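The letters A, B, C and D name the chains in turn, as written, and every chain counts its residues from 1.
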Amino acid sequence: MIQSTFFYTTAIILFLIGLYGVLTKRNVIKTIITLTIMETAVNLFLVTIGYVKNGTAPIFTSTISDVHKFVDPLPQALVLTSIVIGLGTTALMLSLAIRLYKKYKTLNYLEMDGEDEK
Amino acid sequence: MKNTQGMVNAFFAFLLVVILGIFFFNAINQPLGNGLVLNKDNPDLSKRVSIHYILKNVHNAEDYLAQHKSSYFRNRDKVKSSNLEFGKTKNAESGSANEVTSIVVNYRGFDTLGEVTVLFISILGLGMLLHENKKKYWAKPSLIVRTGANFLFPFIVLFGVYVFVHGHLTPGGGFPGGTIIASAALLLILGLKDFKNKLTMTKIIESLAGLTFAGLGLVGLFTNGSFLTNFLPSGTMGLLVSSGITALIYIAVGIKVAAELSSGIMEMNGGGEE
Amino acid sequence: MKSNYAVLLIAIPLLVAFLQPLFSLINKRLTKWVTFLTIGFNFIYSLKLLNYVMANGAQIAIIGNWKPPFGINLYLSPFSMLFATIIYFVALIVLLVYLIDKPTEVDDRMSIATLLMVMASGAITLTGDIFNMFVFVEILSISTVILISFNNKGISFKGAFRYIVLASLGSSMLLLAIGFIYGSLGTLNLASIAYRFNLLNPVYASVIVFLFMAGIMVEAELFPFNAWVPEAYKGSKSYLNALLSGVVGTTGIYVLFRMFITIFGSGQNHIQVIGSVNFNAVIIVIGVLTTLIGEFSALSQKDIKKILAFSSMAQMGIIAVTIGVANMNSINAGIFHLINHAFSKSLLFIVAFPIINIVGSANIDKWEGLGRKNIFLAIAFAIGSFGLIGIPFFNGFWSKMMIVESVVSAGGWMYLVIGTILLSALVETFYFFRIIFKLFVDKKIESTYSVHIFIYLAILILSIIVIYIGIKPSFLATYIHKAAIDLVDKSHYISTVLGVIK
Amino acid sequence: MEIIGIILISIGVIFSTLGALGLIRMPDIYNRLQTSTKATTLGAFSTIIGVGFMHPAWLIKTILIAFFILMTAPISSHNLGKAAHKAGIPLTDKTQIDECPQKEENK
């Protein structure tokens, strides 16, 4: 049986993988990917906080109205917000990557130099 | 030499990550004491604010708290029974059958205003960064794509509208619905032979939708004395016309997200208009 | 009920920002003016609210008619309103310069970003809900990225990219901290977190505090997370750097103050951050490291923007030390120094803008002889740097004195910290006087750039404030004293927010 | 009804499996596209219809879903193939004839 401890562990391991990637990778696109991994990990963590074993989605329908089986809806609302925020940040990061590539013709962060020092 | 430095970096990063991992796992497996527990499979919702969102009895809980200040949101006797019934209960606070929508738009509607702003500003930044980009990336579509796009476009828009209009009843809502409509816009760009960017139109629609959201909030402020108050009757839970401004706000959010994401796509498709 | 209208400080800028695309269809320059007027409204309204809360004590504004801890509320207190007012004021002055800067093609987008950035900073200081704070931190960081990349140079994009990577790293950590908090305490309201925080297991609590601190340190320009500072400041326009330092940095430090002392700390006179780690010591060490790195990096720079950037990093470090020392005097001093820094640093950045245009370079070696060309700018630069260094009878003097005094009273190993602060003042004196001496060298500069009256106006206002605080520090003392009391009084915070249910 | 449903679902499962197998076995992107499209169209199509037969109340909805799968999946794989061809991704060595000229006019 899958326990929520399993989800917590997965979330934290994913978070740490993302952190390791951010610390070591110097490629713009790879950095963006690792940051996305971190975001996903945090979302997983948040959803797990509201997890109820054998629970149902927190929506009343004509057949379901047992509130005791509902999973916690608040973390889901938080995740909804954080997904949208993550989308915005990723879009912005990718457009910055496009501009950086056009300017320096490389995606390696360390090789970007030669800026006019005005 | 450079390689060695990379190795050293990787080693220190690994060390840091391992230390942090031990730190986190240790914290998660700690007994927290005083009845506070990180959720293990079955959270005690009576210790969280969300139980009152689920039961839609926040105002009762506020009264309860006023009497028992030391024990907040442990409204146990109310937790046991729920008299909410789909299609029958009238005027239950936020009144929407979808609890997540209740929270996103009604109980914590201010966050959603901020969230819409985040999307707004990031699309704005995308447009600013790709401003000089006048190149059209997509090739001209073939006959099959064109026919398919023409056929599917109305269905996709219909589905998107359905998703955000029923946001207070079914899964989904403004954000997914808006995204579906934006995908229809993408299909048009891919499928039409001479698609013209309609950035001005999307800008106007977006502004008006944003105005609706913030304006509904301000109406609540000036009539009921607090921002984003539900000033309409919330109706019978489970009907299409119910839950007061929650439904209206989700429609506005849907239109706004659709316009925003479409303008983002058009911005990438060569920016300015001809 | 009247206090509920404080939400207009956030709602009106948002409404205007959503309408800005329509204004830009009429005329792109119109958007600048609309932004200016909106921030002006915010400033006047927040000044009014500041006086109101000074007279009547802290208030809360309820949103959506849901009382805390269920709904989101704004907390209006002397401390939060004071900083909201200062943020709006600095932004207003900077916008005065932005109005007359030469028009570009992306001005409409830029004005929206500026408006939203200032709105978000104000909202962060006002909000009483941790997730709401997270959302506004995100708005702040995304609009800051737009602000940095506005200059459209390679280095701007590099700085912006570095900033957004660190900011999204920070925001992931912030969100993880929020997850830990909600998972155990079951609430997102700050007062309710403060009420229950010391029930937590110390190990668990220290993870929360660690993640939260790491998340907000990007905005506060503190040591491991401030790699974005030099490139972002170099890449951005000079007067916009005043926003980076005076608004973003101030907001970051504000959040640290509020969270570490009121929410996570354990109240009343002796404030300590709880948890298994002594976070007071941690933050002092971080502050000292930031100061040393900032000052010594500034010493070796030739570019004025980078010098000022590193100097602002160093000042943030000094203020962080006062959070760690955490006695009543040091909090007073920290708040005072944060205000002084916002004014002096904005003045310096704004003065640097016309000087760079006159001289044609940001390199301080080419600034020789500016005093002959334009004595007003040279004097204003001198005033700003005297204020920052802490020459007697300028504003920084009093706050630095107070900081040293408070650290001395803490005793123990804090003498090392005093040494750092004094050393940093010495280094600062050295590199600022190097620039000032250059300004008054007798040399002729050829330039046709004429300084607009609005720039003179902005410089004049800020210089007068810097001198006035220096001559009469008691002018701010009542505000700061009340703000510090508000910051320290945890039980008052809790009872104001949660006791509203009567 | 149930038996029809089970038969349809089995067909769907077989096609999906074959599609997945083809994705690994096929030599170049065009062949892979062709197998995977079969998996998504016929595989998903018959599974969905089978489910509809097993729960007759859902039949209309499942037919609608199947209809849209049938409408979209071939078009998207067609476009993917065209894009790959335009981007100049090479065909496998065993190709006999390339009927799509490199520079074609889109009419």
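Here, a residue touches a chain if its C-beta (ideal position, glycine included) is under 8 Å from a C-beta of that chain, and two chains touch if they have at least 3 such contacts.
This structure is a prediction, so every number in the text was calculated from the model and none was measured.
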Which of B-D and A-B has more C-beta pairs touching across its chains: A-B
Cα-centroid distance, chain B relative to chain D, in whole angstrom: 33
Separation of chain C from chain D, taking each centre as the mean of its C-alpha atoms, in whole Å: 57
Chain centre separation in whole Å, for chain B relative to chain A (CA means): 15
Separation of chain B from chain C, taking each centre as the mean of its C-alpha atoms, in whole Å: 30
Contacts with 2+ other chains: residues of chain A: 15, 19, 49, 74, 81, 85, 88-89, 92, 96, 99
In chain C, residues with contacts to at least two other chains: 131, 135, 138, 142, 145, 149, 182-183, 188
Chain D residues counted as touching two or more neighbouring chains: none
Set of all touching chain pairs, with the criterion as stated earlier: A-B, A-C, B-C, B-D
Chain A contact footprint on chain C (complex, rising order): 131, 135, 138, 142, 145, 149, 153-155, 157-158, 160-161, 164-165, 167-169, 171-172, 175-176, 178-179, 182-183, 188, 303, 361-362
Chain A to chain B touching residues, read off their complex: 3-5, 8-9, 12-13, 15-16, 19-20, 23-24, 48-53, 57-62, 64-68, 70, 72-74, 76-77, 80-81, 84-85, 87-89, 91-92, 95-96, 98-99
Residues of chain C that touch chain B when the two form their complex: 1, 4-5, 7-8, 11, 14-15, 17-22, 25, 61-67, 69-72, 105-106, 109-110, 112-113, 116, 123, 131-132, 135-136, 138-139, 142-143, 145-146, 149-150, 180, 182-189, 192, 196, 199-201, 203-204, 206-207, 210, 498-499, 501-502
Touching residues (chain side chain B, partner chain C) in the complex: 23-24, 26-27, 30-34, 36-39, 47-50, 52-53, 58, 61-63, 65-66, 69, 72-73, 106-111, 113-115, 117-118, 120-122, 124-125, 127-129, 131, 200, 203-204, 206-207, 210-211, 213-215, 217-218, 220-221, 224-230
Contact footprint of chain B on chain D as seen in their complex: 68, 71-72, 75, 78-79, 82-83, 86, 106-107
